[in-house]
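For reference, the structure I am asking about is given below.
The first chain written gets the first letter, and so on, giving A, B and C; residue counts start at 1 in each chain.
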Amino acid sequence: MVDKMDDTKTSPNAFLSSLADQLISCYQQDACMQHLNATFLPNRAKTIEVIELLRRIIFPGFFDEQRITTDNVNTHVNGLLQQTHTLLHDQIHQSLRYQLNEKQGGLGDDCDQCESQACEKTAAFMKLLPNVRRMLSLDVQATFDGDPASVSTDENIFCYPGIDAIFTYRIAHELYKLKVPLLPRIMTEYAHNETGIEIHPGAIIGERFCIDHGTGIVIGETCNIGNNVKIYQGVTLGALSTKGGQDWRGMKRHPNIEDDVTIYPNATILGGSTTIGKGATIGGSVFITASIPAGHRVTSGNVSLNITPPKTRKKKRDESAE
Amino acid sequence: MVDKMDDTKTSPNAFLSSLADQLISCYQQDACMQHLNATFLPNRAKTIEVIELLRRIIFPGFFDEQRITTDNVNTHVNGLLQQTHTLLHDQIHQSLRYQLNEKQGGLGDDCDQCESQACEKTAAFMKLLPNVRRMLSLDVQATFDGDPASVSTDENIFCYPGIDAIFTYRIAHELYKLKVPLLPRIMTEYAHNETGIEIHPGAIIGERFCIDHGTGIVIGETCNIGNNVKIYQGVTLGALSTKGGQDWRGMKRHPNIEDDVTIYPNATILGGSTTIGKGATIGGSVFITASIPAGHRVTSGNVSLNITPPKTRKKKRDESAE
Amino acid sequence: MVDKMDDTKTSPNAFLSSLADQLISCYQQDACMQHLNATFLPNRAKTIEVIELLRRIIFPGFFDEQRITTDNVNTHVNGLLQQTHTLLHDQIHQSLRYQLNEKQGGLGDDCDQCESQACEKTAAFMKLLPNVRRMLSLDVQATFDGDPASVSTDENIFCYPGIDAIFTYRIAHELYKLKVPLLPRIMTEYAHNETGIEIHPGAIIGERFCIDHGTGIVIGETCNIGNNVKIYQGVTLGALSTKGGQDWRGMKRHPNIEDDVTIYPNATILGGSTTIGKGATIGGSVFITASIPAGHRVTSGNVSLNITPPKTRKKKRDESAE
């Protein structure tokens, strides 16, 4: 049977070995699709482990296997902090060496600087944890207050994708501000995978942020969101256009959302000079590319509906319909 | 290098230890973000394990490592049922003790009652499994019948996110009806994570329910959905407004969908007194906040399109566009 | 306590054992929901393992635990190819035997043919890997060029869901063309779970394909997409109607997208005879069921917005709003 095949006139092993040679020659021709000889890559799995450790530090007792009590909490938190510090330091170090290597095509003497910077950035981040926790506490409360379907803040913490996405964003955002390369985006895209909610770590988001349902939300890199903002599923806060792509890098491309704004499902708000004023309400499925004054309410204007009555003949099951 | 840092003038250990103290003091001030000394929390990982065991009981042979035959099926199913019963009983017990503890700030003598109720509710749920399986069999058939891209019901069971979401909902809904706290929502949010489809365990959904594609679907807590209903990706069956949040708890906030209705992608239907009548068809991207009579077909009315021809000059790649 | 329960007047074991009998009798009555005595099912977990091995072959050094160097790359790739070949061959073999068994209700003498076909199809697929890698390299470059938020192609490969979904599609599509049953769809639905992006393995997609954000994208089985196409989150390329379901199987139901088209978020394009001409731009949230000529730009026409100023009285927090 096997002998019929071209490729195994020799043997499957010879076939695979020649395929390996072909692939390796592809690797050599296409530098951007391989990382041969690179010692300095951050590790996606370990970066995710940091997120999971931080979740247990921020929400003690919710996601632990063992029981946490007043007696053991000190040992417990110290252990988690040690683990997090080591893992995060290593990943930050890898990211900085990776960045340096990419920039200057080699590490040279600046390698010491990476170690020093990794220590500084890791410590700077760790110090922020009590404040991150305070912000998350306000987010949890806002999520509970805003959703009649939620029965307790415990339920919000246990299973609301909105809390999961905001938690990961608040951590990634601090690392982004500390100019840690790659890790912040790996973290928020992990949350994106888990929740369907994409928040770029560069976005600025105020206190008491509330996401309801959440699937399909996109919050762009240069968004500036105030306090008390509530956003429903499918909302895009995006760029008006990114034709020209990389030419737009670093420019303000995404909207400003002032305090106390509510944005209903599937609304799309685009553009770096678009500002939704304080207390405004944006209706579901609305498409906005210009600023809205404070306190105003926006809904789709003249979209009437065609409501067609059934035909007198019995409607057949297989009849075509849109 | 390290000596440059403020935080480690002492040592990294001292820094982390002082950070731990700070965090523990935060825990004590903010009761809603911690579960110290609580013996009685349900466990998310074990709750998900129950779902995966039930999947193997409902669809024997699809998700098992070993081969299931007429000879070994009895031992196999008995084993799975034992495991499920034990795990589920423990999680229900934890949830009930947790609920009691939250209500009265301690367990007292009612603790025995939790054990008795956990046994009853677990047994009551297990007895429903043959019926849950019958319902799912109808859902699978409806999914196959309704999708020209599906080649067999096996493909539907193996890899359709719609079936995955409906399976988890049907289980969670039975636990919801038995007034088991927390677990039903943990289950459906797990399915939400996996599939992008959010079905609140409180929703009522009839026979032969069919979800096509599915990402972004939201079905709210007080929805009432009839038989033979088909729903596409991005459809929201939501509340007209939830401003005021917790004041709306327990009220009918989500629409009724009668038998034989089809709802095309990204349609939004809102409101507790909105009823889509038997056999109606709701077009894609339509936004509805009022009832639609039986048999009617609704499409977006006067949304014309601006179709602009290309300019005579060659279109440049980096030209701005919406 | 326990004695109160009907079900355990006997014992929990007796109750579970009788439940097992009931379930087994259900299995026997409903053939489409079980796979008893079937030796020949593909395995979802192992199919996913193939995807993860191929990811490491295509992007060497990105997702490996150990460091890959010029010295060890040969051994490394040979090892991965051997593993992939064995696993994929077994899964293809299982799928072919499964298909044959389903068709003729038993394997008979054609079983040898399955083995021979599995060898041929596996080898044919493996030979395509260098070309799959070349296509992906163009996709990665297009993704980087088109997104001002991306800082390097490494970031795209590490964490962009669009690249993840396209990677899995390009592999599954080759298996689909080789008429391998079930596996291609299991693969793309795994990517759908991970990314929220659903690409049917049957779709035809040209070079330099770029997905931005991506959650909620649906690309149907009979889509034909040209080169240089860019698609944003929430876009549906779907069927005009699938009422009648299985009657439409095998027919051209999904649109054609010609070269250099850009489709903005949440646009919906439906129908097998709908063609979006070369270089056209489709605006966000547009709903299209007819062809658009080359170079044209389509936006929502007369959807004006109702922008209501705030009332003079202070807006109360719990006021109802849509």
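For the reader, a short list of remarks on this structure follows.
Everything that follows uses one rule, which is that a contact is a pair of C-beta atoms (placed from the backbone, for glycine too) under 8 Å apart; a residue touches a chain by one contact, two chains touch by 3 or more.
Small disclaimer: the values here were computed from a predicted structure and weren't measured.
The pairing of chain A with chain C is characterised as different-residue: of all residue numbers used at this interface, under half are used by both copies.
Rotation angle relating chain B to chain C: 120°, from a CA superposition, given to the nearest 5.
Averaging Cα coordinates per chain places chain A and chain C 21 Å apart. Each of residues 196, 215-216, 234, 243, 247, 262, 266, 270, 284-285, 300, 302-303, 321-322 in chain A touches at least two other chains.
Per the touch definition, chain B reaches chain A in the complex via residues 1-2, 4-8, 12-13, 15-17, 19-24, 26-27, 30, 32-39, 41, 43-44, 102, 181-182, 185-186, 189-190, 192-193, 196, 198, 200, 202, 215-216, 218, 220-221, 234, 236, 238-239, 242-243, 245-251, 253, 262, 264, 266, 268, 270, 279, 281, 283-288, 292-303, 317-322. For chain C in complex with chain A, the residues that touch the partner chain are 57-63, 67-70, 73-74, 77-78, 81-82, 85, 112, 115-116, 119-120, 123, 126-127, 129-130, 133-134, 136-137, 140-141, 144-149, 151-155, 157-161, 194-196, 212-213, 215-216, 233-234, 240-241, 243-244, 247, 262, 265-266, 270, 284-285, 289, 300, 302-310, 315, 321-322.
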